[in-house]
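In structure tokens below, several structures.
In the two complexes that follow, subunit A is the common piece, with subunit B as its partner first and subunit C second.
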Partner chain A sequence: MIRSILIANRGEIALRIIRACRDLGIRSVAVYSNADVDSLHVKMADEAVCIGGPTPADSYLNGSNIITAACLTRCDAIHPGVGFLSENSRFAKATENSGLIFIGPDSETIALMGDKIEAKRIAKAIGVPTTIGSEGPLADMQTALSYAEAVGYPVILKAAAGGGGRGMRIIENRSQMPEMFAAATKEALSYFADGNLLLEKFIGNARHVEVQLLADSFGNVIHLGERDCSVQHHHQKLIEESPCAALDEKTKVRMTDAAIEIFKHIGYRGAGTVEFLLYNDEFYFMEVNTRLQVEHPVSEMVCGIDIVQQQIHIADKEALPFSQEEVTLTGHALECRINALSPGKIENYIPCGGPWVRIDSHIYSHYSIGCHYDHLLAKIIVHTSHRNHSIRVMKRALQELVIEGIVTNRDQQLQVLDTMQFKTGQFSTNLFDQVMSVQKSQTRKKAYA
Partner chain B sequence: MDSLDLHTIIEEFEHSTLSELELQCASYTVKLKRANEPNLPPVVPPSQQPVANHRVTENSPDIIESPLVGTFYLTPSPDAPPFIEVGRTIATGDVLCIIEAMKMMNQLQAEFPCEIVKVLAKQGAMVEFGQPLFEVRRI
Partner chain C sequence: MLREDNCPRCGHVIKGQALASEWGICNDCTHHLDIDPRQRITLLTDSDSFIEFAGELTSSNPIGIDGYAEKIAQNQKRSDLTDAVITGSCTIGSYKAILAVMSFRFMGGSMGSVVGEKITQAMFKGALEHTPVIICTASGGARMQEGIFSLMQMAKTSSAAALLDRLGIPLFIILTNPTTGGVTASFAMLGDVILAEPGALIGFAGPRVIEGTIGERLPAGFQTAQFQLERGFVDAIVDRRKLKETLAYLLGMHQYKKIKRTMRNVPKKEETQVISGEQGDLVSSVGTMENMVDVEAPSPSRSSWDRVLLARQQCRPGVDTYIKLICENFMELHGDRYYQDDPAMIGGIGTIGGYQVTIIGNRKGSNLKENVLRNYGMSNPEGYRKALRLAKQAEKFHRPVICFIDTPGAYPGLESEQRGIGEAIARNLKEFSMLKTPIICFITGEGGSGGALGIGIGDKLYMLENAVYSVITPEGYASILLRDPSRAKEAAEAMKITARDLKRFNIIHDIIEEVPEGAHANPAYTAQKIKDTILKDLAILCRKPADTLVRYRIKKIRGIGMGKYASSWWDPLLQIFRDVQNRVEH
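Moving on, here comes the complex of A and B:
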């Protein structure tokens, strides 16, 4: 039985997991770096252990210090959160080998789905549509060129071991290939220590839609609906919503069935996500995220299920307490990520509130945002009966929100919400860049006027 | 726990890597300890040792901090004398203590000659990264 959990993460996600522990009567142990002494997760956990210096490699990626801290503070399990070690199969294995429970899929599943080429091959083998492109890693630039000729430009190069937009390059024509191939290889090598690339036909006007799943150790797999994460900048998600405005009921059923089929086929255990590209009612498998996702609250709001609590129950070898038929998805949930655009000290923070609003955040007045970690400050989530209503409530919430002392992306988010494309639900992954380029040209016009 | 009899517990203990085991239940308390450690955890060679952190403040003794998370031991084995004692002078490279992490015995060495003023960590207790271990005076 899990009675104590070490949370191998920081920021808002660490708080999110501490809160789930509190709700379940589980003791929580936080870990932190030198730079995070004043962080809220350190104050809120039942215990906290300093595990290293400010750079992630010294602390939040220091598996040995984290596992030792878990053992010495008598934890039963480690929750890796998102990012850092959450998709590191060697860390999961080391955790299992130390007699601790890793709250997530088993290490073999993480390794299997971490190999993007293998994951795509599996999806294809069980009849899930995938984007056309290379079947395996590209041997060299010449192979990349011949694949690109075969599928037609534009194409996208992706790191075989990658994710999060690293090692990705979109190539419009033949002449761009040599430079882009070299750059993508270099980036993939430095981020993932694996320079292998794959090539796919690039679908420009597509949407990013993903299915949230829960699977227990007894073969039960259920979905909690889909999330549309098309509002992105440099492949980093900015706005997420559920349900997806562009998905008809028939396509939705096909997509969730495909996601469940993949999880059943690989014997997945835990919470996880299958990501798809959606283009004209056709969807294509992209990858499986073998962890909790930043945008999980969107699904929590529409299904009323605490995903982090379920992760803990599943890790504790409990069966899912509900069937697919018992999961009801109601209303519409919308999430805006508030990011810092500059480091600095938050002089004043007044959170938004009122009906239909949830905030997952770790910031407070006089909290300093350093340069060592990601720049997520807060997730504002609203849940109402209709999409239009959610947009209105979100605008109200963002306008109420006060974060002084640093530059945030709040105004950019408001601009996106105000576009005709977002209001009508007709947009693709390039919406954010479109909005920003319009803004730039308007600023230029004003300057000349 | 109810189904475990003493025989099973001893057997489990013998096959484990544990050096000590203490169990309490409603009917009895049992404490097991190995006489001679048959397979001591590996000692990390000095070349791979984590470097001791030390903090220098003016006009005050230096503080040697823990470079990793682990269990603090002042002695090389449970019954042996400690590596260092308060008041003793230490040469560069002398072992100060052991920090056990992931079944590895990490020996912490002095980076400069000094005199031990105070031992700040407790024998057998957990130490975290950056925790003060020794107060020393440079010679």
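Moving on, here comes the complex of A and C:
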């Protein structure tokens, strides 16, 4: 029985996990770096342990400090959150070796799915369509060139051990290859300590659609619907929604079935997401995220299930308390991420609210945003019966939101929501860049006018 | 049988549920509900074996309270009991026992003259018939309507318990929900083994009284069975469904042995295992040891420092592994009855090759989480006091004591000092040296100075091949005497801390073999060697009278480091022993 959990993360996701613990009557232990002393998750947890200096390597990526903190505070389990060590199989193994429970899949699964090449191979083997590209890691730039010739430009280079949108380079033509190959290899090495790259045909106007799944340790796997995360900037997601506006029922069933098939095949345990590219009513497997996702609230609103609580129950060796038939997906949920575009101190913060609005955030008035970590300030989630209604309520909520003292992307989000493409649901991963370039040219026009 | 339709803890419906109607346990949250005492007797005893006695006793209203007689009559009618306890003789698992079951349903289980008298009679009956006494307690405290006579029942029942203790007859207590007040402060806390039902409220003052006095909310879990286990006042928490089998086990382990001054705690020949090897006797084994002084040590295959590292390895098997491999059965008993149950020290009773023994050992962890919980095997005073409590019980019930030593040392912390770690170890050294029961000690890993010696006084002392035993760690020696902590390797060599060294010095009796890589590679091999040694030694030691054992133990301790000068002090010591015996006899 898990009675206490150490949350190996920070910011709004740490808060989210602490809240799930509270609801389950589980003692929560927070960890923090010197830079996060005033952070809200430290104040809210039952206990807090300082685990190092401001840089992630010193603190939130310091696996041995985190495990020791868990043992010293008599925790039963560690929840890794998102990012940081959540997809680090060595950390998962070390946690298990120390007598603690790692809330997530076992370390072998994490290692397996963490290798994008291996993941695609498995998907292909069980008959799930995958994006065309290299079958294995690229031996050198020449191999990359020959593959690129075969599949046709534009192509994308991705770090095999990568994630979070890093270690990726899009190549439009031959001449760009040498420079991009070197840059991608370098970034992959520095972020993931693994310079292996794979090459795929790049579909510029595809949609990024992912399926949220829950699997227990008894082989039961269910899906909680899909999420459309196509509004992205430099591969960082900005707006997510469920259900996907461009997905017909038949394709949706094929997609969720494929996702379930993959999870059953690898014996997955815990919460996880299978990411696909949707293009011309066809879907192509991209990768598996063996962790909780930032945008999980979107699925939670639509299916009415607390995903973090389910993660804890699954880690506690409980069977899923519902079957696929008992899961009903109702209405439409929309999430906008509010990021800080500059560090600074929040002079005034007034959250939005009202019916159908949920806000997951760790900020408060006079809280300082530093430069060491990601810049997510808040997630605004709206859940109504129809997509149009959600967009309207989201616009109202975003306009209510007051964050003074730093520059945020609130206005940019409003612009995206205002576009015809978004309103009609006919958009793809290049929507945000389109909106920003239009804005730039408009500004220039104004300047010259 | 159950008075409620819904569980008082979780609120779920229990009416008509099988688990609830048979055992009085909620099937949703396993809360143990109050059950009728006759139901409890049926669940605990062999069928039709319970014969009630003293059932006719009723209160005479000693201080003349108005309405008391009517209240008694009312309670008698409603609960079908004459007072708050039923007493009788019975068998449990075919073992005879005297059983008393209290009931909260009769005037809140309050203890007045009738309850006190019946409990005392039960204990006296146990004393006369040499039968163990088992009491199931449930009480809100003293019966106020009988005034000072209620208070005095505490004295009456406790002195009866003292008699049982003096006669070496076991008293087993089962604390059920709730057990408070005068009952807690008398016989309930005097059991040789105290069991508790899960979730039971156990304490002296009631929670509301405490809150009123201190003006604060009580912490969650205060005064529950789990709390009492952690604070060292309960040996084990046993689910109601397992109570009968646990009691049968305890009764089997405490069968009365007619012993005067000779030890006859020897199982029948068929019950023990045949051990190969010479069946020497005590005198000659002591003799051979003395002749071993000054024997040259053969060149060791592993360096001392390598053995230190091996002894400290996290994967090295510990007392838990050896108990599992050596004992046919084992029941852990918790607590020192003063302050806490030390997680770094394990103690309990079990059977090895047919011999019933008490086992005590230092406990390290097999991973980081366990190590933190067990303080890396470093005991507080509570560990040594628990060891002493169980060793004294072994002496009372004529069980040999087997000690497994593996500790970096006693914990050198603030609270250790506050609770007298020095006194705890010293008392153990004193008491263990004169304990009237065989003691066999094995150092399986690190013998950390005083912390090891605190459970290391015995008739026989053995070390595993790669174990080490030292007065200070090599690092400490290097820091202080060599003024350079990095010279620990050298220090280890110089200090002569390996098994071979100690055998040469005549400190240990023998070395227990391990497989060449170390015991962790094949724990079963070493466990078998340990078991053979135990059985060989117990065959000799258990046949000796207790006084003889003590005499030879003292001789061995007295003679450490004396070598050739043994004879000069032995005869006067022998005279002292004879004088003591004569004084006892007359």
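Structure notes:
Here, the second predicted complex is superposed on the first by the 449 of 449 C-alpha atoms of A that agree within 3 Å, B and C clash if a C-alpha of one lies under 4 Å from a C-alpha of the other, contacts with A are read in each partner's own complex, and residues count from 1 in each chain.
One rule holds for everything that comes next: a contact is a pair of C-beta atoms (placed from the backbone, for glycine too) under 8 Å apart; a residue touches a chain by one contact, two chains touch by 3 or more.
What you see is a predicted model, and the numbers here were worked out from it, not measured in a lab.
In this overlay on subunit A, subunit B clashes with subunit C.
Of the two partner chains placed around the shared chain by superposition, subunit B is the only one that A:49 touches, whereas subunit C remains out of contact.
Contact with neither subunit B nor subunit C is seen for A:328 once the two complexes are overlaid on the shared chain. Look at A:439: by the touch rule set out above, it reaches neither subunit B nor subunit C. Contacts of A:34 after superposition: subunit B is touched, whereas subunit C is not reached. In the overlay built on the shared chain, the residue A:65 is in contact with subunit B alone; subunit C does not reach it.
Taking subunit B and subunit C in turn and counting the residues of subunit A each one touches, the greater count comes from B.
Using the contact criterion defined above for the overlaid structures, shared-chain residue A:342 touches neither subunit B nor subunit C, since it reaches no partner.
In the overlay built on chain A, none of the stretches 62-70, 152-160, 206-214 or 314-322 of subunit C clash with subunit B except 314-322. Looking at subunit A, you'll find residues 67-68, 72, 98 touch subunit B in one structure and subunit C in the other. Put simply, subunit B touches subunit A in their complex at residues 68-71, 101-102, 126, 128-131. Subunit A meets subunit C in the complex at residues 67-68, 70-72, 74, 97-100.
Across the interface of their complex, subunit B is touched by residues 34, 49-53, 59, 64-69, 72-73, 98 of subunit A.
Subunit C meets subunit A in the complex at residues 365-373.
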